[in-house]
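Down below are the structures I want you to see.
Look for subunit A in each of the two complexes below; its partner is subunit B in the first and subunit C in the second.
== the complex of A and B ==
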């Protein structure tokens, strides 16, 4: 049974991407016998390129993808290099970690409610500073250049990049390198970038590619914060894909390939930037340029990071406030009264999407945990370590844009007669939950002191007994944290849920995004608040259960 | 033939021979392997116990009470081991740690009885409900010793188990370990860099050097 673990995991990671891409590729060239088309042609690409402003949409996807990654990674490098090992660093890190679990859509709504012309920030300065008691007529949200969207994405990607960087740092000699470079007269930032960063970047490169791909093809954040005339390529694709007119699907497939090409182009451009950066770094190192006065950069990185953290937290607060707001007219800073009426009014309609969300998240997470444990245990028993190829495989579903293969997967499920079924929904969530669960579980699992195992073997315990009685209980906390991560990922899934569920299996995330255009902030507040609170609850449980089970075991408190 | 016998046990790392040992240790007897750290002396215990890291290449036969155990799974060899750290399972109580080791052939109330008897033997009466993390270093070492003895091993492997104890506890625990090993007629292999340990073991000594 254990042997099938890795094979199943590979099948889940690789299978859907390949099948999905194939089922996108064929219709794009006019082959989809189910819809009565079996002549290969380029007709649908012609149709695609005749769409108004399609080039602009594509360019927008490319620039938001690269821009988001460039700025987010830049802030993370500057912050880590200047502050690693300090007390402020530890404090800010504690604040940032929970942000990782907030679904993208919830964070985007929070930001929208904050910076919109009638949003919280404008209310703070009206009418005394703006001199107006009406919202200004400016396009702050959904601006043409996608700045609001990029800001929302940066706020969510900074925590992710920071976390993977922190996970990679122990494998470098960051502290020693800092002493050496500083005694040689290098500024902290320069010293870090010259010595430690290359080692870190080698480990997090795939995660960075995943960020590029995500930001260049995201749908939910783009619907909430992105421009609408034209929208990003991904948003337009999502519209065509769920259009009642089935003939649009051929063009949508062609578009999905264009999206894939866009992401590949973005990554290729990024790789070119990597080369430029390396050149520059080598030059600085060889010239011995020290940049020893870097206080301004340090302060700038700290304040930028803090700004984004504050933005997200403030946004979430405003969301929560809207969900219980009574009368709240512009320019009142706070609502005139608070009530639970929004909640009681939404309650009957929210129950079904809420249970879909919970059941799907629970099933996908449970399967992902079992598979990850099977793979890790198999690896431990075989005494092998997975190489880089395995890591690439894990990142595959995160780097190939969702829009490019999930749509094909939908066609595939249709063919299997599984469309809009629970099985299909759980499966498609699993594709994205599994990589995150595996990535967050594998480090603590592998770091476990193997001598406990040798000791237990010496006591005559079988491999199974060691697993169930020793290793699993000792690592219960990281297992539950990985489960919470997986649950949060499942809750955040928008596009796969919409496409595979065909609108018939709505979750709170798809409902919230669907409500975005309606503009009823109270109802959106309720949905988005739930979206943000569920992952928090999962993480709270992940902390509480081991604490309760092992409350008389001091040795279990030091995080393994 | 009783006892532990090592025939042409050779362990090497990337073509460099770390050790080459042929020895027989009688029941109640001991072999001490000495040498500076990094010389590879612990790999001998890992080879006998069946958990040698695959980066090492090893050959030779290990016979325990007349039975070739070289190809057996680690859990079927009957090789009890004590490491530098007591490695009490942190999620179990002291009593649960000991019960984990009691063979399944002992059943029912007899299990608890065996466990309590073992605690009494090392002066830890009534400690079975305790959290192992709250014990002193010496107490942990005694629980670890009792745990390995309860599993009824056929050989005792000692991987510098006294090196982290403070000086006065050290000789006390050392005497306890060797007395118990002799009493149970166990062949013992001790790996250490401490002369006093070697003297206390009192039997054959092999010295490994860094060429």
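== the complex of A and C ==
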């Protein structure tokens, strides 16, 4: 069983991704017999590169992807380094964790309504301060540099990066390092970056790559907040994919490969930045620069983080208000009347999608946890230090943009006669859930202090007994957090659910996106609220269970 | 690894085996009793845009009636874009799944219909005009029922509702006296009211419709638009359209640097006071929005006296549908006087009927006459002349040209 773990995981992930990619690759080079094309050619790449502003769109995807990651990670580093171990840190941490579960589209919608020229903030100050009962005609959303979009993405990626960082921190000696560096006169931030950060970053590097890939290929957030002249590459790609002119599929496939190349380019650039950063850090270390006065930076990181948290929460609050709003026109600060109509109307239709969401999320997460544990335990027993290289392939689904292989995957499932079945739905969710679960779990798991294991062996325990009695209980918290992350990922899946489920297995998210296409803020409010509550419950459980189980173990509680 | 692949091969072989089972005969609408008998117990997966709670409720109502009367279960598959349903059928054909497909009925028209007809992805021609309720359909006065965007429907799709382009404005902000009466008027109006008009960027359906309206009005020889596009003449025929857009864009909302995503987003902008004039394809849309508190009750409709675009939307059955008989029963019910009068009622949906009310019995006529179309809805005789939709190929080329010219700012 244990031996087949890694092989099974790779087969489950790699098979569909490769089949899906193949079904994208072939049309990109002109091969899709059912549409009457079976000659290999580069014609569709030609067609792609002749699309107006295609270079601009690609560049936009690249810069927003890198910009989002750079700022989000910067804020996380600055915040963790300045505040780790303080009470404010713990307080903010509790506020931020639930944000991870907020679906991207819901967060983006909330943000959009907050900052739009006719949005909530403007309504707060109109007409008494602006002197106008009409909103100003200024371009805040969908600005050409994609700043609104980057802001929306950052607000969602900060919680993710913070969470993986927190999961990695206990495997370092952050507190001891801080005492040492502070005694030597280093500022908290500098001390942290010089001593603890390298150990943390080593563990979260793949998560950072996933953020780059996600931000460079996201569709829903880009549609809501991103520029439209031109749109990002991913948005245009999604448009071509769903164009009634089916022959555009060929060019869309070529575009999917361009998207893939863009993501790879972004990661390569990032790796270069890593090198620059390391050199800079080494220089600071060698010259013994202390930067002991870092109050401003500490305050800046704290307020930036707080700002993003407040923005997302305020956006969600306003969406919740929309879900019970009657008529609400500009410049009214609050709706003219409230009604439960949107909720009562939604209630009877929500039960079936709700149960599909829960069952699929639970099954996919459970399988992902078991597979990840099997892989990691197998790796540990085989004694490989930095993990089986093949396991790196597990991250393929996170780095290959979804649009570029789901269509092919759909064909593949049809061919197996498994489309629109529960098996297929759980399986396709698993493809996306497994990497996130593995990503969340592997670093704390690998960084576990092996001396506990040696001690247990010394006391005569078998490998299995060590696993069940020592390692698993000690790492229960990361396991549960990984499960919550997996559950949240499953809930957020749109494209795979709609394509593989053929719309016959609707989830909260497929319903929400279908309704969001109608732009009705009231209904979006209802669904966004539901979408948010489910993963929030999962995270609450992940926090509560270890706390309950280990309430009489001081050492287990100390690990944050 | 090897073991997994062999398992995959076996499962797929099994799956392929099942597809070669006996093929049931397709339902014949001429023998309606048999169709109803076959439909009993079937589940119809109706793929329809799910962006409007009104429409979703209406479909749920139709489903409950079908369950009760015919024992047919209707599952509404809520799409955010009909093209996804087309994509599903394409994927099924790619995989050789020529029966037991996942879609039984699609809400469709225009480009999507043209694409499916061209690729032969639709169930046999001639079923639609053999439905029992076809007798009430207004074939005589509504040419768009038999010709969908210049493509003959050939009984491949059954009409469901009508559409006519109308404009909405908020009388609290914009007085009726100076409203534009043509596209050229609109350009002048936008110059006088900077930033208060916009349209969704193509390929959005409503945005494309605005371009078609303008093209039809401005073209020197509108008859050419009814023929498939001739690439040599394209730039000459569309020159007035793009000259107009070049003039309009700088005076539009956000100076044309951003566009509303679709109609609902545009309607929200009217409520937000960002736009003063918007347009829709459903004449009673403003009234139902007022009824639902989405728009203030000061919103009213107007149209161009020279005419606006009109069309019909349909339902069609994919060639590989599993429950064809059930789909036919649903399509027939959707054009029943009972279903159509409810659909035209703005409290439920407010979509214009495809029936000829004069063909109905007195009780049914009275029901239609009793409908209160709503405060902001123009009466049928006020809607003005109907301009025909151009051939779909024009829109394909115009969308390309639009993207080429305007996709990137500056």
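Rule of thumb we're sticking to: the second predicted complex is superposed on the first by the 380 of 560 C-alpha atoms of A that agree within 3 Å, B and C clash if a C-alpha of one lies under 4 Å from a C-alpha of the other, contacts with A are read in each partner's own complex, and residues count from 1 in each chain.
We take it that a residue touches a chain if its C-beta (ideal position, glycine included) is under 8 Å from a C-beta of that chain, and two chains touch if they have at least 3 such contacts.
Please read these numbers as outputs of a predicted model, since none were measured by experiment.
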Inset, instruction - For A:474, select first, second, both or neither according to whether it touches subunit B, subunit C, the two together, or no partner. - result: first
Inset, instruction - For A:507, select first, second, both or neither according to whether it touches subunit B, subunit C, the two together, or no partner. - result: neither
Inset, instruction - Using the superposition on chain A described above, determine whether A:550 touches subunit B (first), subunit C (second), both, or neither. - result: first
Inset, instruction - State whether A:68 touches subunit B only (first), subunit C only (second), both chains, or neither. - result: neither
Inset, instruction - Could you tell me if A:135 is touching subunit B, subunit C, both of them or neither one (first, second, both, neither)? - result: second
Legend entry - Partner chain in contact with A:177 - subunit B first, subunit C second, else both or neither: neither
Inset, instruction - Based on the superposed arrangement, let me know which partner A:455 touches: subunit B (first), subunit C (second), both, or neither? - result: first
Legend entry - Residue contacts on subunit A - larger count, subunit B or subunit C: C
Inset, instruction - For subunit A, give the residues common to its interface with subunit B and its interface with subunit C. - result: none
Inset, instruction - Could you pull out which subunit B residues touch subunit A in their complex? - result: 46, 49-51, 54, 73-81, 83, 85, 87-91, 100-101, 103, 131-134, 147-148, 151, 153, 157
Legend entry - Complex contact set, residues of subunit C against subunit A: 1, 4, 8, 11-12, 14-16, 18-19, 45, 47, 49-53, 56-57, 60, 75, 77-84, 86-88, 90-97, 102-103, 110-112, 114-115, 119, 173, 194-195, 201, 203, 253-255, 257-259, 261-262, 264-265, 267-269, 271-274, 293-296, 396, 403-409
Legend entry - Residues of subunit A defined as touching subunit C within the complex: 7-8, 11, 15, 32, 34-35, 51-53, 56, 116-118, 133-135, 137-139, 141-142, 144, 223, 227-230, 239, 241-246, 249, 325-331, 337, 339, 342, 345-346, 349, 407, 410-411, 414-420, 498-499, 502-504, 506, 510-511, 513-523
Legend entry - Interface residues, subunit A side, partner subunit B - complex: 383, 449-463, 466, 469-470, 473-474, 476, 550, 552-556
